[in-house]
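Every chain is named by a letter (A, B, C and D) in the order it is written, and numbering of its residues begins at 1.
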Amino acid sequence: MIPTSYYLALSVILFAIGVAGVLLRRNAIILFMAIELMLNSANLVFVAYSRQFGALDGQILVFFVMTVAAAEVAVGLALIVTIFRSKASIDVDDISMLKG
Amino acid sequence: MLPNIPELVIFLVLAVIAVAAALGMLASSNAIYSALFLVVNFGVVATFYLLLGAPFIAMAQVTVYAGAIMVLFLFVIMLLGAEKMKQTSHNLLWQKPLSIVLIVLLLSISFYVVLGQGVSVGSDLMQNASGYGSPSAIGTLLFQKYLFPFEATSILLLAAMVGAVVLTGVRRQRRRIRKSRRL
Amino acid sequence: MIGIAIEALIKSALIAFVLLTAFAYLTFAERKIAALMQVRKGPNRVGPWGLLQPAADGIKLIFKEEVMPAGADKVLFFLAPILTMIPAIVIVAVIPVGPDVELFGRTIRLGISDLNVGLLYILAIASVAVYGIVLAGWSSANKYALLGGLRASAQMISYEIALGLSIIGPIMLAGTLSLQGIVQAQQSSTWYVIWQPLGAMIFLIAGLAELNRAPFDMPEAEQELTAGYFTEYSGMKFSLFFMGEYIKMVAVSAIATTLFFGGYLGPFVDKLPWLGILYFAIKTGAFLFLMIWIRLTLPRLRYDQLMAFGWKVLLPLALFNVVITAVVIVFVG
Amino acid sequence: MFELVPFILLFPVLGLLTNLVFGRYLGERFVGIIASGAVAASFIVSVIQVFALVNNNFHVETVLVADWITIGKMYLPWQIRVDTLSVTMMVLVTGVGTLIHIYAVGYMHGDKRFARFFVYLNLFVVMMLVLVAADNYLMLFVGWEGVGICSYLLIGFWYDKGDDNLGNARAGRKAFVVNRIGDFGFLIAMFMIFGAVGSLQFDAVLYYFENHGMEVGQLATTITLLLLVGAAGKSAQIPLFVWLPDAMAGPTPVSALIHAATMVTAGIYMMVRSAPIYAIAPSSQMTVALLGAGTALMAGTIALAQWDIKRVLAYSTISQLGFMVAAVGLGAHVAAMFHLITHAFFKALLFLSAGSVIHGVEHGAHKSDDHCDPQDMRNMGGLKDKMKITFGVYVVGAIALAGIFPLSGFWSKDEILADAWHVGMVEGHWHGMTVYILLALAAVITAFYMTRQIILVFFGSSRSAAANHAAENPPTMTVPLIGLAILSIVGGGINLPWSHTLGSWLEHTHHFFHGIDFNLTVALTSTALAVASIFVGFIVYYRRPLESSTAPDPLMSVLGPSLKFFYNKWYIDELYGTTFVRLYEWKARFLAFKVDRDFWHDFVHNQIILKSFKNVSGTLSGPVDRLGINKFFDGLAYSVHNIAVKVLRPVQTGYVRNYALGVMLGVVMVLGIMLIR
């Protein structure tokens, strides 16, 4: 049986990497992927605690997170495509003006 | 109670793969590789779910993340031809060092909390009970206790669908293309 | 513990062997059937009735030159055919090919594993199968290949939804996600194709689309895209793609058999469990023949027609099927 | 089956809502079908209630729809009472209502506010049903006011027509105001009932008065007289009848439905409902009887001299309502209800036929370009060949109204007369005989003016081009007429003297409701009088028909100035005009111009308040605002501006990653704080 804290440590590392992706990368798509990574590390914590407490609620929450992630990706990627069409770039630093 | 050796080995190997894949996602300059590294990471996380007694979530992880979300990413990257981003001038000088300092701080605080918590496995009792994490158990919980969030989620998905269609709709596309011939 | 591992290993090896053989002779069968339908002879020189033709083809492909296109992404170009193959083989793991049998004093399950999320497993693996094709298309650095890959992935994603919805019918009828459970549930009622004719139809059509086979073989439309995503491939890598497609055909046929046609069930199976494998093989074979037949009969669809059909006809029909099934189950029991 | 009863109200409500929302899109046909269908459905439910009552051994049943008012011990539910009396009214209202709805579809054809008309009509049916279905006085009052407002809306339906383009609106206002006077009496009666009984539920109130009869005689007299004021307003009795003739300004189906068949009977119904209170107040009973008989005669004389076809019928209605009120006063409740029902049949028939005549003449007017008044009987004549069906049913209605054997009017009117005779001769009360004589005279006059009307309208030769070109109306109008005509002929069957069907039916509501035996003397006398009256009428009008539309009434030579007196309605309107109306107008003018304008506006407002405000605001805006506050806020704004430019603007880089960094900073800080604590 792997202790819960091992999973927590792993998800902390994954989360930190996700944060690094958001803060350091400029490619909007990779930034997006980093966000997904963070969501995933959170999911891992949910499932680990779900096992620790023997309750399924954590898994349900993961299910909802996945749904939200799917919705988020659909809209987010649509936005990126739209931005790319007008700017020919997906560098987030290029999208610093309110004017399109 | 410490885990037995084979289990620990499996866990450590998988964890190393997960972290390596995540780092690969972070570091690779090609967005396609980033996406593929992330897929590997998700696959490993799905395996963790299996180990944690959540086969349904594991399968959903593979289907939703690996099968749908990441394919969408790949699709967009290829569609835009944006796998290699041109580097433009960089004027956020203090962003990088400050970020690294903050990430290190976050890591240290989190580790302090997580490792200070001690080693616990939780109750084997519930987990070993038949049906824990099975689709029917999840379904029962989902359609009884969490019915309202579930329905709300369905509306969210519908909204996302409409949003995506509207954002990239055909009419808009044509006008944009006519306006800028850059594509 | 060790015993179980060894058993699983043996079964896996056996299945892999059977699948590879099936692939080889499926190509042969396809050529023979095509010849039959087009009133010609087909391969008949290598061995008796041309039976060794697949072996000859294999040897030829192994000795062909491996071409690496100039601008290709080498790693992914190499990885893509493998990524196509793996899901095709792995997906078979949860399909039961027969009832439990006694052998060497132990009960052996004919089928590698019986997950309680078996159908979810199938959906998960099916959804991952896109990667090989997409990456093959992209890594070739060839416009035809890229377009083929994109088309293929869009097509597979679109039809995956109808596919997933069409298997909900049997799930609801059987009340389980385990394939073994679904087969056993069909023992007490009848084959689910009786209760789910629409579901079976949708599964078959969506399955064909998932396979990128005629009339949905758009990604490799010769007239427009030369060979689609494997335009640049040659030699053994090319044959891996080929292998993937035919193994997937076998897999889809096996799943359809399991879900809608009673799997290994048939007369006297309870007395002679080994008969189950025979029944299973016959049913699967019938499906394979049907697929070949369709390929030889129907012309290819246009791409926009294909997408419109998937989203506007198949998906609503599948949803309708789910709703009707649910209503009937609730009211009739 | 009793639980179906709320549907009686629900159907018309649905109908009116549908027409209210979608009416303008539906087209006349659908609007008509929805409105008529809704009322017809209610009618079916009402009939079902009859059978339900029979199955229930005629026992009263109440159906709770909703709680309404609960304050302390006062509990007023929204509750429907199903007993023989209320069901009789329900069937009557919905039955006659259905026929009139159907008729109105034809009559209102082409009107620009077609859908609105049917919304009002349905609303009226709803309100009338609330009134008759009520289980307490307050709910009854809701229906009472509801029919009042519908009456107002419908009288003024063609609000842009009439004298000075305001006449119809004025008629509506008059009806409303006069009714308000009656309501005032009703309200005070209700307050007194509540004060004495502590409840407004019929059962409680009637039980109280039945069992405390002796102690509360004085109170009962006061209450019943006040109730009489209310009934006089609604049922158009002396002195509040003046609104009803003016109400003829509304479309004819309205006149038929509201001012003949249903709404005006509300007063009768209310008094019958309150019968146990009247029973212990003999002096007010006497008042009621005399008032009713007086009204019957007075209205009859006015009807004698009118030229307007609908106005004659309107006064006739008042007269017949007088019969009913008199019957109530004599304690002949069954006779009153009986006459109410038969009167609803034949008066609805007469009004609708009159409408048919008007419609036909209007049609002729369009055709011949002769724009004379289509309601004036002097412009008619000779229509019997042009409008055969209308003529036939009109004669049926007129004979029924005149009380000729064996039509329905004969049986009901005779029962009232027999009751009066009984009270006067057998029980020996002086007012019984007075009432009998007054009513018999009124009956004679009734027969005479109906003869006059029929001859003027249908016989002789056409006295205008319009009448010459008149034509029969479409079946939507004539079929309901035929239905009503049949009802007018056989309607007497519900309470024939030797079966007393209605009497024994109503007995289940109050034990002292009972019919009276047939009195051959009375019957023969009244029939003979009526026949003689018709004969005289023929002599006067048929032998010497009017030559032209300007010729004087042949009666002029006989009656002379008194006919003029009748024609001018006994100068009642003028009397009210000089006494009440002018007084109120003077008071209103005084309040408006002297008190309101001169004192409050010119003096208090302009001189005192406005001036002082001007001074105060002058000082506030000048030194205080401009120099003090403005300077301060200018400074504040500049400092905000400076902070924003120097500090906040650089932070807003527009780079997402910067913002993310900010979020991250916050996260780490919060985590750190949590860790330290």
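The working rule: a residue touches a chain if its C-beta (ideal position, glycine included) is under 8 Å from a C-beta of that chain, and two chains touch if they have at least 3 such contacts.
Computed from a prediction, not measured in an experiment: that's the story for all the values here.
Across B-D and A-D, the chain pair carrying more C-beta contacts is B-D.
Between chain A and chain D, the centres computed from C-alpha atoms are 72 Å apart.
Averaging C-alpha coordinates per chain places the centre of chain A 33 Å away from that of chain C.
Each chain gets one centre point, the mean of its Cα atoms, and the points for chain A and chain B are 5 Å apart. Across the assembly, chain A contributes 19, 23-24, 26, 93 as residues in contact with two or more other chains.
Each of the following residues of chain D touches two or more other chains: 653, 655, 657, 661, 664.
The set of chain B residues that touch two or more partner chains comprises 56, 60, 68, 79, 92, 95, 99, 102-103, 106, 110. Chain pairs recorded as touching, per the definition above, are A-B, A-D, B-C, B-D.
Interface residues of chain A facing chain D in the complex, by the touch rule stated above, are 19, 22-24, 26, 31, 92-93, 95-98.
Against chain C, the residues of chain B that register as touching in their complex are 32, 36, 39, 55-56, 58-60, 62-63, 66-68, 71, 74-75, 78-79, 134-135. The touching residues of chain D, counted against chain A in their complex, run 653-657, 660-661, 664.
Touching chain B in their complex are the following residues of chain D: 653, 655, 657-658, 661, 664-665, 667-668, 671-672, 675.
Listed in rising order, the residues of chain A touching chain B in the complex are 1-10, 12-21, 23-27, 29-30, 32-34, 36-37, 40, 43-44, 47-48, 50-57, 59-60, 62-64, 66-75, 77-82, 84-86, 88-91, 93-94.
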